[in-house]
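For reference, the structure discussed in these notes is given below.
Chain IDs A, B and C follow the sequence of writing; residue 1 opens each chain.
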Amino acid sequence: MPVGDCLNNFSACLVRGGASPDIANFISILLGVVLVATVPLVTVIFLIWVERKFAARVQDRLGPNRVGPFGLLQTIADALKMLSKEDITPIGADRFIYNLAPIISFAAVILMWAVVPFTAQHIGADLSIGILYFIAVASIGTVKIMVAGWSSNNKYALLGAFRTIALLLSYEVPLVLALLVPVLIAGTMSMQGIVRGQLGMWYFFMAPVAAIIFFVANLAETGRSPFDLLEAESEIIAGYNIEYSGFKWGIFMASEFLHAFTAALLAAVIFLGGWSGPLAEQIPILGFFYLGLKTAIFYLLSLLIRSTVPRVRVDQVMAFNWKFLVPLSIVNVLVTAFLLKVIQTLGLAPAPDRATDVVANLPQTAVLLVGNLVVIAFALWLTRRGVRAERLAEMEHEEEAVHEMAHSHAAAGD
Amino acid sequence: MVELNIQTFVFFLFSLFTLGGGLGVATTRNLMHAALWLILSLFGVAGLFVLLSAPFLAAIQVLVYIGAIAILIIFAVMLTRSLTSLRTLFNRPAMSAIAAILLFLFLAVGVILPVWGQNGTQGNLPVSDTVGSTADLGVALVDRNQYVLPFEVASLLLTAAMIGAIVIARDDED
Amino acid sequence: MAVLNEWAFIGVFFAVAWVFPILPIVGAWLIRPRKPNRVKLATYECGVETVGDTWVQFKVQYYIYGLVFLVFDVEMILLFPWALAYKQLDFFAFAAGLLFIFLLADALVYAWRKNALEWF
């Protein structure tokens, strides 16, 4: 892509033009940053349209279709409307922090895009700790919720903020544990390294349990159904952002949509191979296209789940996390580590020069896949046993209650 | 002496965050604001870790300190009633200032200079050129001759911490 | 120094990421109407007047969730270097990791049995 080449050599151009190397470096970095930061902004406009159209079609209605062709400009119209709404800061709100919260919200989500590998040659910053950077930025999100909830000077905002933070903290544990598995298999934390490690076989086939846990934990982290009790309009009104109006509320909403998309993007990078695909290394724009396709798979899946699955109660959500997801992810890490050592001893791993060959990766993939399926089967068997025991206990309870009623009826009738 | 390049500027910026945040924590009257100043200070420390070529530690700093410990501190602060209007019980600025300066001099002259100063016991260690990577840390953590025992004892310590916290926090139950 | 270049990117990105949302907020501040009155500025409580302090009964359960999360967080960050170097190491590394994770799974089982993970 000629634009990319020009960017990569931009600092050299500037230096030849007479600027000092430091300033040239800084300007080229600034340009790169603005370019990378604009991609999510453009994406979010399109994204909100996709979301509304999809939800509308599932609900057997048309969705936005008046503003622009097929309603594509609806988001821009909404943004303009929100810009001109009156911004009501409630009395007693802590002004500086109240205004800070939406900014932290948006900044935290955009920061994740700095480590996304768009193509083989274009990545914002290929940090050696790419995955850990993503997790660290995701954990800043809890600060923004606390700040928003407390500075609104509203009981319900505070209550909503507490519940939200408890939920986010809980679901971060299986998220990070699930991310340990690709790091184990790849041996590196850098995003570009993980994509290159998948040139032979996608990690989704080597670690399906980790992929599923990552996807589900992300659904909870980004507050999507079935875990959207945080903004259940019928329950706690709007949670921690009750008191926000106008464009600040718009920023909260936009950053939430963008967070969901970013989570799908990272799932595609880590588990579905990112930009890898036929001819992706020679033609970079093709890599970008593949990445978009894979992200769309995960994102549309989350949209589908959102439109069809009912909301889960908060104690069920917590129980699901601590009693199912966390033990499952711990067992998954241990099983994967054990199988990797077995593969190493048996020599099933592909030789380094054949690492990108699909066939050479098959034995390793088969062993790991079998291990994962055993873990899934075991987890399901345990769950069924637990559910059956509960149901039996319930049935006994009911029988006792019926007996009691029959006895009391007999006693009263006589 | 100190060359004026971009690294120095960034170092000063992050030191400003760290020290300024600390100052903010100590001087503000509002407990919630104090927690936020603390977050700023911890973020400054993370930046300093990056400058020291330890990105892993910087990520840990943000993830654990800001993402978990600062939140827990805010939760703990919520348990107290009067967040916004603390009454000072001991308000004698002159004596406090003298005590603070004496403590600072004691620490600087009595502890830091003799150890890390020009002629101190650790002052003349050569700065190594090679920087260990995170993978090296991983190897060291499970090496029989290096840090595997502290690794396991750390796990034991974490277990003990969790059990202790649960026992204390649920003291009202049976 | 190339490594620091990457982090310089992150640093500049951080600064830009803060500026981006501020611009439309300032734009909104210039454009929007400003007619505050007492009812609009009052705290929202489903249409009724607020009663009492803005202070909620803080359930200790929130704190316990945060605590368990903290312990698991520290465990996971200690596991990351282990995972990075895993492929180069021998079986002893697996045993060390197994013991580490087992001790913490033990703590989780304790919390489970003591009903510390229930949402009351």
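Assume a residue touches a chain if its C-beta (ideal position, glycine included) is under 8 Å from a C-beta of that chain, and two chains touch if they have at least 3 such contacts.
Keep in mind the model is a prediction, meaning the values are calculated, not measured.
Novice: For the interfaces B-C and A-B, which has the higher count of C-beta pairs in contact?
Specialist: Output for the comparison: B-C.
Novice: Could you name the chain whose Cα mean is nearest to the mean of all protein Cα atoms here?
Specialist: Of the chains present, the most centrally placed is C.
Novice: CA centre of chain A versus CA centre of chain C: separation in Å?
Specialist: Computed value for the inter-centroid distance: 14 Å.
Novice: For chain B and chain C, let me know how many angstrom lie between their CA-based centres, rounded off.
Specialist: About 18 Å, centre to centre.
Novice: Just give me the whole-number Å value for how far the CA centre of chain A lies from that of chain B.
Specialist: 30
Novice: Where in chain B do residues touch two or more other chains at once?
Specialist: In chain B, the residues touching two or more other chains are 6, 55-56, 60, 63, 67-68, 71, 134-135.
Novice: For chain C, which residues are shared contacts with two or more other chains?
Specialist: Residues 3, 7-8, 55, 58, 62, 66, 68-69, 73, 77, 80, 83-86, 88, 97, 104, 111.
Novice: Where in chain A do residues touch two or more of the other chains?
Specialist: Correct list: 26, 127-128, 132-133, 165, 169, 172, 187, 189.
Novice: Along chain A, where are the residues that touch chain C in the complex?
Specialist: Residue positions touching the partner: 25-26, 29-30, 32-34, 36-37, 41, 82-92, 99, 102-103, 106-107, 110-111, 114, 124-128, 132-133, 152-156, 158-159, 162, 165-166, 169-170, 172-173, 176-177, 180, 183-184, 187-189, 237, 242-243, 246-248, 251, 314-315, 318-319, 322-323, 326-327, 330, 333-334, 337-338, 340-341, 344-345.
Novice: Can you name the residues of chain A that touch chain B in the complex?
Specialist: 22, 26, 94, 97, 127-129, 132-133, 135-137, 139-140, 142-143, 146-147, 150, 165, 169, 172, 187, 189
Novice: Considering the complex alone, what residue numbers of chain B touch chain C?
Specialist: Touch list, chain B to chain C: 6-7, 10, 50, 53, 55-56, 60, 63-64, 67-69, 71-72, 75-76, 78-79, 81, 134-139, 141-142, 144, 148, 151-152, 154-156, 158-159, 161-163, 165-166, 169-170, 173.
Novice: Per the contact definition, I'd like the list of chain C residues that touch chain A in the complex.
Specialist: Checking each residue of chain C against chain A gives 3, 5-10, 12-14, 16-18, 20-22, 24-25, 27-29, 31-36, 40-46, 50, 54-56, 58-59, 61-62, 65-66, 68-69, 72-73, 76-77, 79-80, 83-88, 91, 94, 97-98, 101, 104-105, 108, 111-112, 117-119.
Novice: Show me the residue ranges of chain B that touch chain A in the complex, using the header's touch definition.
Specialist: Counting only chain B, the residues touching chain A are 5-6, 32-33, 36, 39, 55-56, 59-60, 62-63, 66-68, 70-71, 74, 133-135.
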